[in-house]
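Two complexes, one shared chain (subunit A), two partners (subunit B, subunit C).
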Partner chain A sequence: MNFMSSEDQIAYRDSVATMLAAEVTAESIRARWDSPKGIDEKLIEQLNELGLNTMLVPESCGGLGLSELDFILLAQECGRAALPEPLVDNVLVANAMLADVACSDLVSAKQCEDLLSEVAAGKVMLACGHWINPFINMAHIHQWLLLSHGDEVHLVESSAVELLPQRSADPSRRIFKVNWQPKAETRIANGEAGAGLWRRALNRGALGVAAQLIGLSESILHRAVGFTADREQFGRPVGSNQAVKHLLADCAVSLEFAKPVMARAAYAVGSNSSDADCAVSHAKVAASRAAQLCARHGMQVHGAMGYTWECDLHIWMKRCWAIDKTWGDAGFHKNRIHERLLDPSTLMGAGHTFTSATSKTYNSQEGAA
Partner chain B sequence: MKVLVPVKRVIDYNVKVRVKADQTGVELANVKMSMNPFDEISIEEAIRLKEAGHAEEVIAVSVGVQQCQETIRTALAMGADRGIHVVHDGDIEPLVVAKILKELVDKEGPSIVIVGKQAIDDDSNQTGQMLAALLGWGQATFVSKVEIEGDSIKATREVDGGLETISVMLPAVLTTDLRLNEPRYASLPNIMKAKKKPIEQFTPVELGVDPSCRIEILKVAEPPTREAGVKVSDVGELVDKLRNTAKVI
Partner chain C sequence: MDLRYTATEEAFRLKVRQWLEKNVPCESLKSFDTEEGFDQHRAWEKTLASDNWGMVTWPKEYGGRGCNLIQWLIFEEEYYRAGAPLRVNQNGIFLLGPTLMEYGTADQKSRFIGAMASGEEIWAQGWSEPGAGSDMAAIRSKAIRDGGDYIINGQKIWSTRAVFADWVFCIFRTDPESTRHHGLSFIFVPLDAEGVTVRPIDQLNGLPGFAEIFFDDVRVPVFNRLGEEGEGWAIAMSTAGFERGLMLRSPARFQEAAKKLVALYQAKRNDILDLSLEDAVVLCYLDAEAYALSTYATASRLMAGGNIGAESSCNKIFWSELDIKIHETAMRLLGARGELLPDSEDFSEELGVWLDGFFFAQSGPIYAGTNEVQRNIIAERMLGMPRK
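What follows is the complex of A and B.
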């Protein structure tokens, strides 16, 4: 099992990380809070120019044909930058779901293929409203919505629904409750096909949150280490005291334990493995735990400054708290893990950790995903 | 025409550089490396010349360790057509790089060489000028605007007093300043395509250049720590300290 990222994956990550580091700063995020739409439209165009919006779309449908494994490091970078634009949900969930229908033999495949080409050209944006999330982030900037009604998947124009704005703890998020009525003409999948699409959407969404939480946590930890190394009291940095540095060491340990779990989940989702539900839930639980720890300790070591609006730290902390509850809370994901563990047919033990991945390599460069 | 662009692998501009404990140089182990920012500007300008129809081919060249291939790949992902890697493991000086580039210019026959005005690691600001001298070509250094006019280049240079506009006959060497352009980000499809673009490899010896160093680094030290300021109670004390302690008035 090779857990190293491939050269290509690192190159994609570096390219996106360089762009986000230059274009998404704390000042620019604060500027979005006062803007009418809450987003930087030029940045969305730039991200489209990089080819991100069709990254997970198969080549046969005009995309790049890459997998969740290739995207996961990018999602991590989006978290690190606290990117307000809903790139991860768009690329990893909505666009990928539309591509799943477009490449299927469902009767709505042609309609979805046409819409997919418009998404690829950056003409329209598509959001996904899964039943597990009561609100859709940035629904007002999307022209199309994928909405759930039981197992049915409906493709609805956003002009045909009522968007009720809600207030988020994170000022970078503009969340909306959607009032709509399902109609036969908007239904693009139902029954077993619909259930399968929603299951994959949930796994992709939770995986994207896990990756973003890890990026957010790394950024918080980086800031906390920098602050405690610079801030001096009684003639020495506050970070030299065990009471401070051990808190941050705990954060680093929990992050390091969360990363391989996330990578395994990305592999499971990318390869459509039967244990994807459990692997994703494990990743979400581990990443959430690390993020909660980093947010709490990061704020503590910043002292009173950590509580203030002026200190940039809260941009990252509030994002952790806000997205932690999306795509299933800790209780939901722990239940999915319990179901798997208590299933008598589950093969347990070291020899079965990667049951579906035996004799394959992890990174997509070598052909596994 | 062809455009040749040297690209150097340097410590990433976001990294805080640390001096080695034995003061023989700076710490490079486990440090993020990337393309010299001025070379990114050079690559961008070369690609723009190609997109405007002035150039047919952009060749990225790097001299140094095996990992320089990553830097060349970045240039290829931005839009360069092919790469040349001159492999050398030790330290390398601007004069040696200029001699290697001269050999490559003789081999490839480009009409323009676009060099970053300096590398952010050693700040030498020598290679472009040395190359122009070795080739006997005209040069436009610190350019912030480039226009091709037939068989010459109209270049706007950033000089101390403002901007100077000059005309240089082709072939020529240009060295790029910060404000020439804003380099593009490599797109994912171009990163994928870059893997298939060829990179030729040479050694300095194969090109007939002796890579040995003529300069010995005696010591590398961090700048002195800035001392804390002093609060003064009134203007009189300030003037007194400026006159007698700082001795600046």
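What follows is the complex of A and C.
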């Protein structure tokens, strides 16, 4: 039993964090808002050069063969930077889903493997349109889309569908509705295989949101601490007041108890554990509560400044508010937990934290024998 | 990261489980805030110690098993799962024990630790005074050096378990000219010493869980001082014995409470009109799990050479508020019969357990440093916000 990230994971995270800190500033994010595509194409190339695109693709399919556990720390950094590029959904969800098909015995495996090599080379980008999300973020920069029709998975060229741009309250998001008709020739999976792919995609997507929410929240908290140290009222920093301290201390507590939950969820998804659904839902609920609190208290301690367009805070707050409802809202995820609580076969209580993460169930009679 | 128990860890769990199955009393003990219950709990401590289960993380020479923190968590899980009695000597084993091991002389360790581990000597804590609660540096009780002794005068209050305990560990002002956190020393006093008067204070449940302790020219040998004279504050504040930040409330306790809450919810589910109860139950369950995950993460970090600082303040806030949420939710599920005491017609043991727990949960955000003080610590030491 060991809960620590490996040195490699920390080193990879640090290198991505350093790069994002240098390349993604509040100023450059604002510049994207006024640009036609809303993204920094050079940055996408740079990220791909780090091998991110195929991080979760097995080595047998030409990827790095890393797991959700390795990626989750990077997703947290993407949140911290409020990265507008849809890296997390690309790498953690769409590319990984394509790899799942490419490495399967489905007839579409070869076609997916070919596309995957183009994705790996950075020639094309792939987005995932899960039924749980009404919109696809940045659909316009992707050449290929994975779309759901019931349990069916369709791999569709974006040039073959109609993308209807919507406006998001978060200016960094460019969201689209997709108008399309499923056809037999675009179907790459259906039935149980399709349902399984969508289920995994949802868990990965929700895990990615949880990690980003934690990174976004940490950034908001950091900004709030900085602002309240500098801003003086009544002749002293506003951050020296207990009422202000306690608002931010509560944010810190909520984050402290969301991070290990996120790590466990990444582990559960990465090891295909039977409790992945609930572990992910827990992570999403915990991260969402932390993010709501950090956005709320973060803005409160900024005073009127926090309510302006000029103050950078809203870059992070609006991202929290927008992505919080994607990949299943709180109702969806709490309901998955509720079902587990009502299931008589669920083992809970002391000693069962990792029950389904362990290989065998345990009782003393069995052990004694 | 590997969230599977090793074969050694599983074997340890089995060993704990088998021992507990054989030894945990079938009938629940009376409250340790009654004389009879106190003796029952003292006997249980002796049973635990007889096979070195009293404090598994302690070295073998002090009656422990030299376990690491993951094994400690496993022990705690099995302990609460088995419904074993609460620890009457928690002030001793969780708070004083680790401090004594760090700051005590060899003679002090051999004098006190064994008797603490066996339950032969039960400890109370004497830090608060009428004028020194959250502001502990306002302590006024004095211990003045007189040859090989200290002569103690003053008053301590809110001393948990002190009514029936044998010893109290205190902070006294050994330098009468000193102020605030200077000139304080950490001193042990036997509660049967001449000049000590213990006045019980009834708690919310009507039992004397607290005491007020008066010291009137009480003489104790210098041997009873832990660490150097004047070092009392540093020792009391020390987080070096990280067990304190981690061990005071292990997650198993709340996971078992959350499990009982879910069972109560299942039983009442068809009669519930308050729709927000579903949400409350789900969140209690999740938070109990989150506390367990966080504790495993902290244990792993400490085992890898890390330390625990202001995170222990986060823990304190999280578990105490969780305990309140669990019990508030249970009381909402129980409805109007929740107020019943024994001997009422509709009373049941289940009702009594929840009401006791509800009362006790109210004290969580206050003892061991109020949650407001913890929030200050988090803001200043973890987030780096300005003190003034």
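The rule is short, and it goes like this: the second predicted complex is superposed on the first by the 357 of 369 C-alpha atoms of A that agree within 3 Å, B and C clash if a C-alpha of one lies under 4 Å from a C-alpha of the other, contacts with A are read in each partner's own complex, and residues count from 1 in each chain.
Just so we're on the same page, contacts are C-beta pairs under 8 Å (C-beta built on N, C-alpha and C of every residue); 3 or more make two chains touch, one makes a residue touch a chain.
Remember, predicted model here, so these are calculated numbers, not experimental data.
J.: Putting subunit B and subunit C on the same copy of subunit A, do they fit or clash?
T.: These partners fit in the superposed model.
J.: Output check: A:11 vs subunit B and subunit C. Expected answer is one of first, second, both, neither. What do you get?
T.: So A:11 only meets subunit B here.
J.: When the two structures are overlaid on chain A, which partner does A:282 contact: first (subunit B), second (subunit C), both, or neither?
T.: So A:282 only meets subunit C here.
J.: On the superposed three-chain arrangement, identify whether subunit B or subunit C touches more subunit A residues.
T.: Counted on subunit A, the partner with more touching residues turns out to be C.
J.: Touching A:19, do we find subunit B (first), subunit C (second), both, or neither?
T.: A:19: touches subunit B, not subunit C.
J.: Could you look at A:248 and tell me whether it touches subunit B, subunit C, both or neither (first, second, both, neither)?
T.: Once the two structures are laid over each other on A, A:248 reaches subunit C alone.
J.: For A:349, select first, second, both or neither according to whether it touches subunit B, subunit C, the two together, or no partner.
T.: second
J.: Give one of first, second, both or neither to describe whether A:51 is in contact with subunit B, with subunit C, with both, or with none.
T.: Only subunit B is touched by A:51; subunit C is not.
J.: A:64 contacts which: subunit B (first), subunit C (second), both, neither?
T.: First partner only.
J.: For A:302 in the superposed arrangement: first (subunit B), second (subunit C), both or neither?
T.: After superposition on chain A, A:302 lies in contact with neither partner.
J.: I'd like to know which partner A:225 touches here: subunit B for first, subunit C for second, both or neither.
T.: second
J.: In the superposition described above, what is the shortest C-alpha distance between subunit B and subunit C in Å? Please give a whole number.
T.: So the smallest C-alpha to C-alpha spacing between these two chains is 11 Å.
J.: For subunit A, which residues lie in the overlap of the subunit B contacts and the subunit C contacts?
T.: Comparing the two interfaces on subunit A, one with subunit B and one with subunit C, no residues are shared.
J.: So in the complex, which bits of subunit A are touching subunit C?
T.: 1-6, 69, 221, 225, 228-229, 236-237, 239-240, 242, 244-246, 248-250, 252-253, 256-261, 263-264, 267, 282, 285-286, 334, 337-338, 341-342, 348-354, 357-359, 362, 364, 367-368
J.: Which residues of subunit B touch subunit A in the complex?
T.: For subunit B paired with subunit A, touching residues are 14, 73-74, 77, 185-189, 191-192, 195.
J.: If you look only at subunit C, which of its residues touch subunit A in the complex?
T.: Residues 1-6, 9-11, 13-14, 17-18, 21, 70, 74, 76-78, 80-81, 251-253, 255-256, 258-259, 262, 265-266, 278-279, 281-283, 285-287, 289-294, 296-297, 299-301, 304, 311, 314, 317-318, 372, 374-376, 378-380, 382-388 of subunit C touch subunit A in their complex.
J.: Would you tell me which residues of subunit A are touching subunit B in their complex?
T.: Residues 8, 11-12, 15, 18-19, 21, 46, 49-52, 55, 64, 66 of subunit A touch subunit B in their complex.
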